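The same subunit A turns up in both complexes below, where it pairs with subunit B and then with subunit C.
Presenting the complex of A and B:
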């Protein structure tokens, strides 16, 4: 089985705000964990309340939800609100499209754990991805003294290498 | 500001608008310039509105307390009014917040918005041009897609990094 490229594009686009945050390994890790926890809360909230919102207002509700939480987190922790971009790219935003209608899924069906398991994996993968890049950034910047790692330029070159490895990962069939 | 240009320039290049066909770079360039003008006007308008809100005594405490909420709602409404993409909304929101957090006067803020808009347009134009040239090169299959896109973005970032100190 190969990890899909769509997952990489979501992780990468969700990582972009971390280029703006001037954070080291620890702070980047904490911010990533917050994003993952918030993603899970968002997914659970919209899973159960999806039917309450009329189709046209669902997208507005989603963005208002993000903005209100950005304000709350900024007031409480002074974390700049760029993190909502990460949540947006990690969230399954296909449900925001007008053409997608909610299916009749029972709460105690098999689809529910599968759905939440996939979101949980995306969140854990994102946190790992951010921590890996923060570690590379820290090592490159402090130990190797490469100034390009302080800038997005260096990180984009590292991500290019990660993307190359991801794209060319060996296929492993099911045993 | 350089970080903002690279991050959101790249985001807008990938998800900013319905992509013009790479075979017609002229169309793409036109869209980039139009989007940069829209970005400049939208961001400037929000900054002017915020300056007006803080100038009125009765609204000032609310405007200062809920600045993120105000910027977010204004950016969302203006983006929707212009039928822009979600990436445009995020870029405007982040730019307004970052320029505002520098606590500078309005005219300095507007000049920064101009510089950021121009920077994003230059980044996107370079990116489009390099992608167009890439069409006519024998790029190995293993490098097509995200690896080559990130490499191109990294190279443009290196060039813009050298120009950063001249502008900001």
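Presenting the complex of A and C:
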């Protein structure tokens, strides 16, 4: 499977598991923060240890790491077991093969802040995206009385329908 | 030169074993903390 590289597509994919969570604004925010913090831990861990792994076992180690943490956090907190899917989509596997090879980068060079700044931005963007959609859902359901907004999937269906109709307006011609 | 290479490979696999131990420890810690 080829994963998209653009940030918004990845944010959207990472949001997909949230569509089945019956979460309000607060719980969705807490879950998003868990996911973002864990994403940062994963990125930092593999940035510093990537070269120490045997070449062929790096991807297996990455998946094992994700699965073990998914299980551990699931037993400790009340997050649903597939919270890890969001982390996986936020950090596509290609981040293991980044063009910036850590072997050519010193620990205190300018590449390191740039690399982590992009990842930090992706995490903050994801948390903001989740909270914004939760807020829109709460307002639409309680104040505007839109029944489809009772579920996150219903809200996305409405948004997708609006976007589809907007893109396919009847041809009006030039007057 | 060859010895150096062999030592590098061996240390990489040693690190892999340590990493797997870390994962098992994480799972064990989660199980213990839950009780």
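As a working rule, the second predicted complex is superposed on the first by the 138 of 175 C-alpha atoms of A that agree within 3 Å, B and C clash if a C-alpha of one lies under 4 Å from a C-alpha of the other, contacts with A are read in each partner's own complex, and residues count from 1 in each chain.
Keep in mind that, in the parts below, contacts are C-beta pairs under 8 Å (C-beta built on N, C-alpha and C of every residue); 3 or more make two chains touch, one makes a residue touch a chain.
Just so you know, these numbers come straight off a predicted model, no measurement behind them.
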Does subunit B (first) or subunit C (second) touch A:167, or do both, or does neither?
first
First (subunit B), second (subunit C), both or neither touched by A:71:
both
Taking the superposition as given, does A:54 touch the first partner, subunit B, the second, subunit C, both, or neither?
second
Touching A:153, do we find subunit B (first), subunit C (second), both, or neither?
first
Is A:8 contacted by the first partner subunit B, the second partner subunit C, both or neither?
first
In the superposed arrangement, does A:88 touch subunit B (first), subunit C (second), both or neither?
first
Would you check which partner chain A:16 touches, where first means subunit B only, second means subunit C only, and both and neither mean what they say?
first
If you lay the two complexes on top of each other, which residues of subunit A touch subunit B in one and subunit C in the other?
64, 68, 71
What residues of subunit B sit close enough to touch subunit A in their complex?
2-4, 6-7, 10-11, 14-15, 66, 68-69, 72-73, 76, 86, 89-90, 93-94, 97-98, 101, 142-143, 145-148, 150-151, 153-154, 157-158, 161
Which of the residues in subunit A come into contact with subunit C in the complex?
49, 52-54, 57, 61, 64-65, 68-69, 71-73, 75-76
Touching residues (chain side subunit A, partner subunit B) in the complex:
5, 8-9, 12-13, 16-17, 19-20, 60, 63-64, 66-68, 70-71, 74, 80-82, 84-85, 88, 148, 151-154, 156-157, 159-161, 163-164, 166-168
In the complex with subunit A, residue positions of subunit C that touch it
9, 12-13, 15-16, 19-20, 23, 26-27, 29-31, 33-34
